[in-house]
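Some structures are shown below for you to check.
One chain, chain A, appears in both complexes that follow, with chain B as partner in the first and chain C in the second.
Then we have the complex of A and B:
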C-alpha cells in the first residue's frame, strides 16, 4: 500500500512539475493575469475610485465584497462545525481525566506569567492596528482577527482556560461571531436601504460626513471590523474546544 | 542576491516538508510544520505579496501550529506509521 501511495505521489509530482514550465515568468507583464484589462483597472483606478492605497484590501472588501462576506460565513460555519463535533456535555470520563492529570501539571511560572502579562496588551494593540490600518497597509480583518484571537490563546496557554474564558466566555463566542457577520451584512443592507446595490458603499456618503469616494474607504474599515469579530471568536473557540477535549473546563 | 535567498529558502522548504511527514513524533512534526509555514511566509514576502505573507505568518505559523500541538497533546504523541 505504501509503495502504491509513493508511486501516486511521484506521478502527481511529475505531472505538476511538467505543468510548471507552461507558466508565465514571475512578474511577466505579458502574462494573461497581468494583461487582462480587469487587472489594469484595479492597478490604475483603485486609488482614484476608492481612496484606498492598499489595492489588495480594496479588491477584497469592496470590488469582491460579496465574496468576502461569504468567506466570513464559511469561517463562522467552521466554528459551528468544530463546536458541534468536539463540544461534549454530560458526565466526565474518568480515564481521560486521569490521563490529563499525569500529562498536565499546572505550576505557575513567574517568568511565563509576567512575560505574557506584558506582551498580551501589545499583541492586542497591534491586532487592532492591523484591523484599523488594513486599507492603508498590509493587513485587514482576517489577519487582525487571527492575531487578536491568538492573544487570548496565549492567555489560555500561560494561565489556564478559565482565565481566558473570563474575557471570552463560551456563551459569548457565537454571539460575537454572529455579530461580525451582521456588521458585514448590515453594511450591505444599509446600501440597499439607501437605494443602491448590495455592498455598493458609494451611496453611504448620504449618512457619512464624507465624499462618495471616501465613503467606500470608511465602509471598508467597517466591514473589516466585522470580519475581525468573527475570526477572533472562531479562533478562540476552536482552540478552547481542541485544548479542553470539548469540556471547556481544563485547557492545556 | 535574491536568487540565493530563494534557493536556500526553497531547499529548506522541501527539507522541512519531508521531515514533517517522516518524523514519528507528532509534536515535532507539528513544530516543523510551523517552520514550513514560516518559510512559506518568507517566500511570499520576497515575492512582494505582503498581505499573503502576513496571513501565512498569522494563520500558518502562529495559530494553526498551536491548534496542531493542542490536538497532538490531546490524542497520542507517536505516529503509528
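Then we have the complex of A and C:
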C-alpha cells in the first residue's frame, strides 16, 4: 500500500512538474496572457482611464464591476444560507450542551487575552488600511473585510462568543451584510439617476469635487467599502454559527 | 559593505535557529518538547531574518526604504507577540486535553530534577 502511494505521489509530481515546463517564462512579454489585445489595453490605459495605479482593483471594481457586485451578493447569500441551515431556536439540546461544556471549559487565560487585546485594534486598523489602500497596493474590500472579520473571530476565540457579540450581535450582522450590498448597488443606481449607465462611475463627478477620471477612483473606494461591510459580517456570522452549534450563545 | 555583512550574519543565524526548530520538531519525543522547539526556534529565527532584511533595505538609504524597514520592524514586533502566545495556547490546549508527558523508559524520576 505504501509503495502504491509512493508511485502515485511520484506520478502526480511528475505530471505537475512537466506541466510547469509548458508555462511561459515569468513576465514573458510574448506569452498569450500578455500579448492579447485586451491585456494590452488594461496595462496601458488603466491609469489614464481611471486614475487607479493598481490594475487589479480597477479591473475588479470598474471594468467588471457588475460581476463583482454579484460576487458580493454570492457572499451575502452564503451567509444567509449558513444562518438558514445552522441557526437553531427553541429548547436547548441538553446532551450537546454537556458535550460542549467538557470541551470548552470557560477560562480566561491572562496571556492569551492580553495579547489579543493588544493585537486586535492593530488588526482592525490594518484591515481598514487594506480596504482604503486597495487601489494603490494589493488589497481591497474582500481582503480587508476578511481581516476585519478575523479580528472579531480572534476576540471570540480569546474570550468567548458573547464578548464578541456585544460588538457584532446577530441583528447587526444581518444589517451590515445588507448595507454592504446596498452601498455597492447604490453607487450603480446613483450613476443611473445621474443619466449614465449602471456602475459607470464617471458621471459621479457631477456630485463629487473631482474630475471625471478621479470620480472613478473615488467611486471604486466606495464600492470596496461596501464589499468590506458584507464580507466582515458574513465571516463573523459563519464563524459564530459554526462554533455555537447554531445557538449563537454557548460555545467557543 | 558592513551593513551587508551584518545582514548576512543575521539571516545566517536566523536560518540556523530555523534548522534547530525543524530538527527539534522531528526529534523531540513528545508534544510539549516539540512545541517548545517550534515556539522558541521560530520566534527567534523569524526575528533575526526580518531584522536582517530590514538592515538590507537600509543599505541603500532613502525615505522609501526607511518606510519599508519600518514596516518590517512592525511585523517583527507582532511576531514577537503572537508566536509565543500561540505556542502557549497550543500547549495549554494539549495539557487540558490530557496529552501524555514524556518520561524515561524505566519510568524512574530523573535524579537531577
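What we mean here is this: the second predicted complex is superposed on the first by the 224 of 252 C-alpha atoms of A that agree within 3 Å, B and C clash if a C-alpha of one lies under 4 Å from a C-alpha of the other, contacts with A are read in each partner's own complex, and residues count from 1 in each chain.
FYI, a contact is a pair of C-beta atoms (placed from the backbone, for glycine too) under 8 Å apart; a residue touches a chain by one contact, two chains touch by 3 or more.
Here the structure is a predicted model, which means the values were calculated and not measured.
Three-chain overlay on chain A, with chain B and chain C fitting side by side and no clash. By the touch criterion defined above, A:161 reaches neither chain B nor chain C. Residue contacts after overlaying the shared chain place A:150 against chain B, while chain C stays out of touching range. Judged by the touch definition given at the top, the superposed model places A:112 against chain C, while chain B stays out of reach. Once the two complexes are overlaid on the shared chain, A:122 sits against chain C while remaining clear of chain B.
When the two complexes are overlaid on their common chain A, residue A:245 makes contact with chain B while staying clear of chain C.
Within the superposed three-chain model, A:203 lies out of touch with both chain B and chain C [touch as defined at top].
Rounded to the nearest 10, the angle at the Cα centre of chain A between the centres of chain B and chain C is 40 degrees. Touch criterion met: A:56 reaches chain B, while chain C stays clear of it. Taking the two complexes aligned on chain A, the least Cα distance separating chain B from chain C is 12 Å.
Per the touch definition, chain B reaches chain A in the complex via residues 47, 50-51, 53-55, 58-59, 62-63, 66-67, 70-71, 73-74, 81. Interface of chain C with chain A (complex): residues 78, 81-82, 85, 88-89, 92, 96. Considering their complex, residues 105, 109, 111-112, 115, 118-119, 122 of chain A touch chain C.
Across the complex, chain A meets chain B through its residues 2, 26, 54, 56-57, 103-104, 130, 138-140, 142-143, 146-147, 149-150, 153, 157, 235, 238-239, 242-243, 245, 252.
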